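Following: one structure in structure tokens, then a few remarks.
Labels run A, B, C, D, E, F, G and H following the written order; every chain starts at residue 1.
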Amino acid sequence: MAESTDPDGTPVAELDLDRARRRGYPEAVLCAGKTPEQVGVIATTLREHGARTLFTRASAEHARAVLAVLPDAFHAPDCGLLAWPPEPPEPAGGRVLVVAAGTSDHPVAREALLTARHLGRSADLIVDVGIAGLHRVLGRLDDLRAARVIVVVAGMDGALPAVVAGLVAAPVVAVPTSTGYGAAFGGVAALLTMLNSCAPGVAVVNIDNGYGAGHLAAQIAAPS
Amino acid sequence: MAESTDPDGTPVAELDLDRARRRGYPEAVLCAGKTPEQVGVIATTLREHGARTLFTRASAEHARAVLAVLPDAFHAPDCGLLAWPPEPPEPAGGRVLVVAAGTSDHPVAREALLTARHLGRSADLIVDVGIAGLHRVLGRLDDLRAARVIVVVAGMDGALPAVVAGLVAAPVVAVPTSTGYGAAFGGVAALLTMLNSCAPGVAVVNIDNGYGAGHLAAQIAAPS
Amino acid sequence: MAESTDPDGTPVAELDLDRARRRGYPEAVLCAGKTPEQVGVIATTLREHGARTLFTRASAEHARAVLAVLPDAFHAPDCGLLAWPPEPPEPAGGRVLVVAAGTSDHPVAREALLTARHLGRSADLIVDVGIAGLHRVLGRLDDLRAARVIVVVAGMDGALPAVVAGLVAAPVVAVPTSTGYGAAFGGVAALLTMLNSCAPGVAVVNIDNGYGAGHLAAQIAAPS
Amino acid sequence: MAESTDPDGTPVAELDLDRARRRGYPEAVLCAGKTPEQVGVIATTLREHGARTLFTRASAEHARAVLAVLPDAFHAPDCGLLAWPPEPPEPAGGRVLVVAAGTSDHPVAREALLTARHLGRSADLIVDVGIAGLHRVLGRLDDLRAARVIVVVAGMDGALPAVVAGLVAAPVVAVPTSTGYGAAFGGVAALLTMLNSCAPGVAVVNIDNGYGAGHLAAQIAAPS
Amino acid sequence: MAESTDPDGTPVAELDLDRARRRGYPEAVLCAGKTPEQVGVIATTLREHGARTLFTRASAEHARAVLAVLPDAFHAPDCGLLAWPPEPPEPAGGRVLVVAAGTSDHPVAREALLTARHLGRSADLIVDVGIAGLHRVLGRLDDLRAARVIVVVAGMDGALPAVVAGLVAAPVVAVPTSTGYGAAFGGVAALLTMLNSCAPGVAVVNIDNGYGAGHLAAQIAAPS
Amino acid sequence: MAESTDPDGTPVAELDLDRARRRGYPEAVLCAGKTPEQVGVIATTLREHGARTLFTRASAEHARAVLAVLPDAFHAPDCGLLAWPPEPPEPAGGRVLVVAAGTSDHPVAREALLTARHLGRSADLIVDVGIAGLHRVLGRLDDLRAARVIVVVAGMDGALPAVVAGLVAAPVVAVPTSTGYGAAFGGVAALLTMLNSCAPGVAVVNIDNGYGAGHLAAQIAAPS
Amino acid sequence: MAESTDPDGTPVAELDLDRARRRGYPEAVLCAGKTPEQVGVIATTLREHGARTLFTRASAEHARAVLAVLPDAFHAPDCGLLAWPPEPPEPAGGRVLVVAAGTSDHPVAREALLTARHLGRSADLIVDVGIAGLHRVLGRLDDLRAARVIVVVAGMDGALPAVVAGLVAAPVVAVPTSTGYGAAFGGVAALLTMLNSCAPGVAVVNIDNGYGAGHLAAQIAAPS
Amino acid sequence: MAESTDPDGTPVAELDLDRARRRGYPEAVLCAGKTPEQVGVIATTLREHGARTLFTRASAEHARAVLAVLPDAFHAPDCGLLAWPPEPPEPAGGRVLVVAAGTSDHPVAREALLTARHLGRSADLIVDVGIAGLHRVLGRLDDLRAARVIVVVAGMDGALPAVVAGLVAAPVVAVPTSTGYGAAFGGVAALLTMLNSCAPGVAVVNIDNGYGAGHLAAQIAAPS
């Protein structure tokens, strides 16, 4: 454990640097809910220990605080992710395929994609494969069947993961997104659809949780 | 208006016998929530006025009370529907197609089918066309495209209406069912899926409301 | 299918240009949730293919991005809709009537109206016909009975569609709006009212979904 | 205060016999949730103090326990109400009108009617005045306008109170009922409709709370 | 009926000017959800017909639009209410007492108070009478017992109406407010408390609906 | 740890016999959800280890299974509790007072009372102290102020804990009960009221969780 | 596809016999919601095609209908599962470990265990490893770390999956159960806990969905 | 009681200055929902009576209004708390330990810590002790077991209080926080987890209610 303290000595966080050893995956810092100052303090501690880390849901201000300490960190502003060191490890294990139902689901899909890569998997992204035009899904059957695990990101009716799961042998990690309005209830409709999928083989994570989906996919596709 | 009273003169219901003239469709009596005695009183009033009527959500006891008064009524116990007179009118207007996602959705689909027929439409039923095996949907494309309106009945993830709507020009009447468990929440998950359908052209009715779906389909497919 | 890519080649969307042929209705682009840049890229692809399209829920920034590419597009800022080409097709099929319960429901009603027109129907709008003064509804009975389908837009108690449906033979497309406060729950109260309508013949769409209602009405009123 | 104890001396209830003096209305005993034995003990205490009382939501077993102690009590099994002494007081104050939207709402309407009478008001009941056929409401306009307060009992869409309130000067006490299925959610849909009534002048009570509605109406129509 | 149109002739609203005659109470315009321009158009129509009106939930911009047309209107910015003509009618009927549980409930309480006055009742306000210090309630017993109807405004636990109702013979109009945080759920907790009041005689209106409460109270306290 | 196995060796439960040492309070077995056979196997293991235990939410069948193994166990059928050994330990620490708002809350209050006693506290019970008649609460002020901790059990509006907490220095453990109907939502209304108590000093436990309340009270009143 | 029809030729189900080939896993028949007759018809079709199948959530009556047709089927009445042919395939791929938090979660855990085995994995079960006594979890660390995937079954607070996920490198499939009462809301509390797990690597399935969890685990642990 | 009035004499609040005597703890003013002017008026009244007070959830503007009147007040901007007089009383009673699961929970934890201190207890804070790395909890066992009461503050899965309660004899006050996103539902997920804790001894307060938790802890740890 490493304690981060702010300038006057108040503890900010107890980093779980042991996690990489214990679980085999690096620590991640959820920036949302923390002040940029707190994130900067944490980044400093990490630099001192040289530990591989992801920063997720980072606003522009969070990102500035991280980059001030770790100027060579990788930064994807479209999905609020930073990674340090900037280069992902050499890919190992099975292929991860990330599929986004619509353009609006892109940031969450990108967070999943980049997380899987920085956790050591080879990963690709396909966008705009909604079920309103099934030929778009069916046209990707070869790609879908070549993956060890498929992350499917969808908002609104959230029906894509069930359709995909019915077509392949691999497990599907389903990420509901808050895309939609009215009775989409900020992603709840999509979440419920995924939990009630007619097709077995659908693993659900929290709404908009691209990081969690990428992490889970990396674990599922881990080398034996 | 015709007032039904029970034996001691307490009014039971004011039947809207004018409805057929005003709206063009017969009255329907929702039996659930009424006592068999009340349903029997209503049946007696109807017989006196000779008005075409459906009885919906009738338990075995409700059915006995109706059949005691209208012994030639048509009775479909699998979906709790009775119709009087027993023969549907000569079909007119466009074709209604009813599609059920699973075997458990059968009673609701049957209620929709029979309602549409007794309101004067030609109607057919296809069962077990879930999205977990897309080939089952795609194998029915010709049937789907031949209908003036399609009623799609589905529980659990409720994703079938969106898939169907994306394949056809006709409007889809979507009926969520209470089939499922856990986070299906008695049909709420399917209801939300349908309300958030990516594909436009999906008209949603209440959970398990086969009668309402059949009625709406009959109106949509009405002769000009 | 046509792939839209942003300047560095990342795919933005796979447009379903086949949709007009397959379903008989043009594609629509939901702008909310997309960046203006993404909407601009999509507009460019559409221009290249000459495909009739609607842009819905477009902010001022989205509209600017569309108009930069399609300067002659029709733009209705009050309901965030753009249409290209700007002129709707020659009207065919039955009459669509859009009825708004209150002034606050106007934008959603306008979205339904314009959608129905740009999908090829003749359509009119009546506003402020709430049930708190029934004479306002009853005074419009001739207009209501002349339509092939009626779109009823209402927030707060959402009771107007049931009242209208009880007066006419045509199907009613009910659109709950987020008008209201407190236990209106952003349109949920109106949505539930509509799903539980005592009068059959009410087809419900998502909260504030004027586009979906207009599309559904256009399908219902389609020429045989 | 009067303490009721069961045979071994454990206290069962502290009756608020002072209530009639303090509030001007008699005590009521909600039987649901109590054992028949407890209800019997309470009835005994009441007999000893000679206090006017209502027993509400009494099952057949509860009723037997009350009638064993107070054999001359008035009993209305259709709505689970008992009253003692059996005769209501001489009516005073304004007229209470109870209106039920459908036959299934009858028990709740009866509970309101009888409560108002046993609290000293003159009260009448009209049944089956749903909004699906507006002529049924409009045909009762004179009755509606003659009342000092109107109790409107409705399930499903719960739209009747708003329609009535828009037609009269008197306050409306709205009682949602659990009549309905699916998205009626046991009366929640009707409750929300009533809370969001477009027409002001609607006082809402709990789902199925006929007693509360009758009590409130009696207070509103109390003689000055 | 009077139709308001915006400058290019699009209808904005159909004012229910008949309402004062039909119901005995003036029209009210809910400004929230309308543009200031629409509110200005409505104010102009009203001025032409000389009809007494309230404007509720008016922002500063709404108020400016009303005052530009009706410069002598009464304006209470603390609760967003305007009234025209500015002077309330001569009070008649019983006394209305408005009680607010806390300082944060003040705006809603003021809206109720002013509404009751502009609908022709004599009305007073007591603030900060929460149940955390019962002596504050009990110290006001004489005021409470002197009223024909009591409006009780409370957020958070919403328990005050039940406590007050247990102390008086008059009906209580309970207004839940959105005061509170966390599991107060924007007033839902207080709403449920009030609907489940142990003490009968509690009439509930929508969350933050001071206008509705004042209107209902004016009806209850109306002169016979 | 002690493993309980069923006759064919399948493990049934791993009892946390260490808990008394680690936490200072005995183990409790929640019977609901277990088969009587499983409960019997657990009772046998306990007898072998001689460990003090409570059995909660035991049906008559569960109780029979326990008593077959531990025939001298204390059994309170009114609240489904069994305790072994039957005698509670000698009381120590501060006084626990349990207050029930209504007769229907009695079983939950009894569960709290007996739990506190069998965990070594002196505890008393007061019933039917609802807020609809405040004099019932105020008449008990001396008892309330003499306790080290007060458990308040209430359903419906759940307002009693806030009223009590405003009158005393001691912490209040609030137990919402599922007493009530309609918008009581099985205790949710009371739960929310308690979580939003205006008066600080209210500790909330799960709906109907008399055991948890009694346990928490015993911990709060523990001897220093 | 194989069509099952009931004796009069009405289609009952279209079995997806192609699924084993397409997805690599056998078909499963959810018995809940089907009549025993329908299940019997399906079993007959399966026997004719010789396809490996699971029957889930089978009541005693469902089981009798299956065993009448497939008398050698494996039947586990404790979790309502039947499998045919009775012997699972030779295990391949990684180890599946199923962990149940409490005795009441046993049936769901067993369904997961047996599903994984009948889908070709080696699988074991550990019961009663709740977090109220952490030593029970920590004492199983070696078992936990030896698995390729861990299914964690928990009701009430649903906290066990997060604790386990924090200790291991393998992915965790979390199954919320409906064990609990009050604010457990039939498994919703546990479901939300699992979706919000602090520790990444938690894949959530529907409440009580042991079958889905076992299927997902089998896919994750599939041989490369 | 002391009445605060604003400059024109309108009453702002009735301060419960008697509370310290009656309950033994000072008054607290919840600033959120009040205007800075109202808070300033209240501060003036307090200064006149010299009463110890806390101001909670004070924005920068609220704080300025308080400090203008009470310039020596203690101000902790990180959690929006002010206290006057600035020095807490001499500590008495048992030790309070506040534990925060994550950095984002820090403000709520600080509010609990400072409240406990200003109510006269000795109190300490430990941060970032989440269950994703159990060693962080287990490493603090001595601190945890030394406290008379432990306040545990946690968002997201909210599982920490149950884990802590399983390790100690002292009662745990659990504070859910709104930390998290998606299905965290603003703290509802954590709230439900805590209410359903497997381990007894968990007292739950409202979401983000650090003040309430600190107050309750001070009462629990009060000197006998």
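As a convention for this text, a contact is a pair of C-beta atoms (placed from the backbone, for glycine too) under 8 Å apart; a residue touches a chain by one contact, two chains touch by 3 or more.
For clarity, every value in this text was computed on a predicted model and none was experimentally measured.
Among the remaining chains, those touching subunit D and also subunit F are E. As for how the two copies subunit C and subunit D face one another, over half of their interface residue numbers coincide.
Greatest Cα centroid separation from subunit D: this falls to A. The most distant chain from subunit F is C, comparing centres defined as mean Cα coordinates.
The rotation that brings the Cα trace of subunit C onto that of subunit E spans 90°, given to the nearest 5. Mean C-alpha positions place subunit A and subunit B at a centre distance of 44 Å. Inter-chain spacing, taken between the CA centroids of subunit C and subunit F, is 56 Å. With centres defined as mean CA coordinates, subunit H is found 35 Å away from subunit A. Chain centres here are Cα averages; for subunit C and subunit H they lie 49 Å apart. Looking at subunit A, residues 22, 102, 132-133, 166-167, 182-184, 188, 191, 195-196, 206-207 sit in touch with two or more other chains.
Screening every pair of chains for touch gives A-B, A-C, A-G, A-H, B-C, B-D, B-G, C-D, C-E, D-E, D-F, E-F, E-H, F-G, F-H, G-H. Of all the residues in subunit C, the ones that touch subunit A in their complex are 1, 11-14, 16, 18-19, 22, 30, 32-34, 38, 42, 57, 176, 178, 186-188, 191, 206-209. By the touch rule above, subunit G contacts subunit A in their complex via residues 22-25, 28, 94, 148-149, 166-171, 173, 191, 195-196, 200-207, 211-212, 215-216, 219-220, 222, 224.
The touching residues of subunit A, when paired with subunit B in their complex, are 101-102, 130-134, 138, 156-159, 162-163, 165-167, 180, 182-185, 188-190, 192-199.
The touching residues of subunit A, counted against subunit C in their complex, run 102-104, 106, 127-129, 132-133, 135-136, 139, 155, 179, 181-184.
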